[in-house]
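Structure in structure tokens, see below.
Read from first to last, the chains carry the letters A, B, C, D, E and F; within each, the first residue is number 1.
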Amino acid sequence: KKSMQTVSSDQDSVLLIEANLDDEDGESLGFAMDLLLEAGAFDVFFTPIFMKKNRPAIKLSVLCAPAERDRFASMLMKHTRTIGVRYQRMQRVIMKRHFKTVETRFGPIRVKVASHGDLVKQMAEYDDCAKAAREYGTSLETVKQEVNRLLNS
Amino acid sequence: KKSMQTVSSDQDSVLLIEANLDDEDGESLGFAMDLLLEAGAFDVFFTPIFMKKNRPAIKLSVLCAPAERDRFASMLMKHTRTIGVRYQRMQRVIMKRHFKTVETRFGPIRVKVASHGDLVKQMAEYDDCAKAAREYGTSLETVKQEVNRLLNS
Amino acid sequence: KKSMQTVSSDQDSVLLIEANLDDEDGESLGFAMDLLLEAGAFDVFFTPIFMKKNRPAIKLSVLCAPAERDRFASMLMKHTRTIGVRYQRMQRVIMKRHFKTVETRFGPIRVKVASHGDLVKQMAEYDDCAKAAREYGTSLETVKQEVNRLLNS
Amino acid sequence: KKSMQTVSSDQDSVLLIEANLDDEDGESLGFAMDLLLEAGAFDVFFTPIFMKKNRPAIKLSVLCAPAERDRFASMLMKHTRTIGVRYQRMQRVIMKRHFKTVETRFGPIRVKVASHGDLVKQMAEYDDCAKAAREYGTSLETVKQEVNRLLNS
Amino acid sequence: KKSMQTVSSDQDSVLLIEANLDDEDGESLGFAMDLLLEAGAFDVFFTPIFMKKNRPAIKLSVLCAPAERDRFASMLMKHTRTIGVRYQRMQRVIMKRHFKTVETRFGPIRVKVASHGDLVKQMAEYDDCAKAAREYGTSLETVKQEVNRLLNS
Amino acid sequence: KKSMQTVSSDQDSVLLIEANLDDEDGESLGFAMDLLLEAGAFDVFFTPIFMKKNRPAIKLSVLCAPAERDRFASMLMKHTRTIGVRYQRMQRVIMKRHFKTVETRFGPIRVKVASHGDLVKQMAEYDDCAKAAREYGTSLETVKQEVNRLLNS
């Protein structure tokens, strides 16, 4: 899974593709988000906007690798009603990251270790925590606090 | 025009009708707002919400006279894709109001005079200010400030 | 599935439970939505709000059967950081509905038939359309239009 | 009308001009949107944002031809309270488009035909559909489905 | 401070007062929130909405004691441009709560202990954590994790 | 104070730094906004967005001097849970501005005088107006109208 990969550089660049949709319903937008993520987009997000003629609308934003512009632009034109997309390249500062596993009373939980200069952050993986919370009938918060307790002790 | 009528009571009650729409596009919503206002709704507004399956959606809210429930509920079911609406009655505290006209260098502008106990507020009517701003090639702000200057001097 | 059941009355009442969350992150909110829907809530939705101390926040709303108040209130207190929930009963006008299946070139698609007085609406089920769009490599829109074409011809 | 013109290229570039407004009311923003669109902006949209000192605010975005920067920047400074605007140039991938007219039982409706590579999309014009829905006392959805039925049969 | 008081009942009722503001700027709204909270409102929050004539707007909501209706309605009419407010009474299920203090390496931090039936939640007070984070040049997250570690060990 | 400085150029460039936060709560975001503004950011704002897995989220945006990129990127990584930020440089058209003081019946109020070509705008400073409104027990609107009356007479 992309979000679980080790990253050892501290900068890169991404493409931000956007379209304003005032003639698309929420069902279609939810479906488009699923397809875009499955196709390898780094991130997909919706911003509520307001357009002419009293139309509530959604700005659909996709972050992807710059080389993938044509593929994602075509997906947007196929799976939404937009007749055009705009895009720009952005630079990023990113934290280096790798993964480790912590054994907890709720089973093993993967932890992302991210660093930049002196700063080190450790964050329990959502998917593992959510799965553990379901299995043990407890809350997500309880699982995360248990991981943090082990990491800090 | 409803919003230009004199009001001499200081409380009333209204009906709030709502529907969550995750399968409606902005074009249809803008059209529905127009129709509902033309049909006598006191107010129609859209709230961006987020629903299941990653769907951005809109909560459509209508404020109307309590006796008009069936008529507006039917309009919502005809002009949107909703298959049901929920509603509740709310009480209101309202300011008494009447209208006067101020002669300005941008022509006559109607002013709403609203009062409640000791409090008196005077507010230039948007439609007149917008019309004047267009005719005189100036900004809405300039017209409103001129009205306020005359009211306060 | 609840949303696929035949409904033959045209009014009912629901409970709206709400909590303002300024100390909860999106991961937890997404997880809570899943759990609440699995537990039988009619609808769960998020509204972006803005609270004191410059805090962007979320109003979590749950629509459920009035008799289920305690169960859902407890879930909210267990799975979010809220220390209280507010609620109110609302009446609803709802459309009677039943289901039929249409055979299309993308396979069988269920259609919801909703009626209220003279008004009849037919709407292709999202889950079936999405599944068909994936299988046939086409867009959701294309599947829906095919269903509508068959329903209208 | 700009949105009804034939377009035969498949890429261009636009200027995105933005301003954050925490001291502007909705009436003025609605008026500014009207003026900007009348002045030839490609698109104008509002994004709800939250700023310092507990201020809900609006980001006003204008998409226009790159050569029009000064004209639209000046309009923003005249018609809103902003004391500055920021801008950037963005590239676009756009679908070629032309228009045709379909005769329906609700009268003639123009249809936008947009294409990009193998992909062809046909979309009924909102203004024609809305006008027809009003004249025939039916819903926008009913008119659009009729157009789609004729296009697909 | 109201939010720091011991609460020993598990239900109460509140008044929700609301007004839709399409002619108010963000500066005024931020100021009104401050005044309303200082005057004893339980909660004040803003919801972005969209109203007629292309107006982005804000729904201002106040939660207060039912007996305080007139005082808060008058404040809303004095400090915003609204000419009326609507309101409704809502019931609440609330968690009992008291406070304790935890000694941490960042100094003493108050902790809210909330309970309902079997459920007990402990939450570090924001104001104390924020003050400690500033004094020790660390992040809010670091302080909160330290409190949680002590509470869970 | 930065917003009170005389500005005599009419264009400059700024850096826009952004991060999407789906695992951060409102308390932390409000705290981060305070720290970023104290550290010299020109502007900090939150945009409600919707991300995968049904997560309501916030896009945090910072406008700062281009030379300050590393400092603000590091603050974002320290004070939020983000593991990366994206950024872009934007050009600005800005109004020249200086300040003057107006003596009113509510005491002295500073006024920003902004100009660009023929356009001149005068705007009463929020902080002075808010302080005066508190001292005199009146509304912010009343103070602003008094300043405008003096400026326009």
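Going forward, contacts are C-beta pairs under 8 Å (C-beta built on N, C-alpha and C of every residue); 3 or more make two chains touch, one makes a residue touch a chain.
Just so it is clear, the structure is predicted and the values come from calculations on it, not from any experiment.
Chemist: With centres defined by CA atoms only, which chain is the most remote from chain A?
Modeler: Taking each chain's C-alpha mean as its centre, the farthest from chain A is B.
Chemist: For chain C and chain E, let me know how many angstrom lie between their CA-based centres, rounded off.
Modeler: That pair's centroid distance is 28 Å.
Chemist: Could you tell me the distance, in whole angstrom, between the mean C-alpha positions of chain C and chain F?
Modeler: Using C-alpha averages as centres, the distance is 38 Å.
Chemist: Which whole number of Å gives the spacing of the CA centres of chain E and chain F?
Modeler: Roughly 24 Å separates the two chain centres.
Chemist: Quick one: which residues in chain F touch 2 or more of the other chains?
Modeler: In chain F, 23, 27, 33, 46-48, 50-54, 56-57, 78, 81, 88, 126 touch at least two other chains.
Chemist: Quick one: label the inter-chain contact graph as line, ring, star, complete or other.
Modeler: The chain contacts form a complete graph, every chain touching every other.
Chemist: Name, in rising order, each residue of chain D that touches chain B in their complex.
Modeler: Where chain D meets chain B, its residues are 27-28, 31, 48, 78-79, 81, 126, 130, 133, 139-141.
Chemist: Quick one: in the complex, what on chain C touches chain D?
Modeler: 48, 50, 52-54, 56, 145-146, 148-149, 152-153
Chemist: Over in the complex, which chain E residues touch chain C? Could you list them?
Modeler: Against chain C, the touching part of chain E is residues 14, 16, 33, 37, 43-48, 63, 88, 90-95, 97, 112, 114, 116-117, 119, 121, 123, 126.
Chemist: Report the residues of chain B in contact with chain C in the complex, numbered from low to high.
Modeler: Going through chain B, the ones touching chain C are 20, 23, 47-53, 57, 59, 69-70, 73-74, 77-78, 81, 83-88.
Chemist: For the complex, which residues does chain A have touching chain B?
Modeler: Going through chain A, the ones touching chain B are 21-27, 29-30, 33-34, 46, 48, 51, 53-58, 81.
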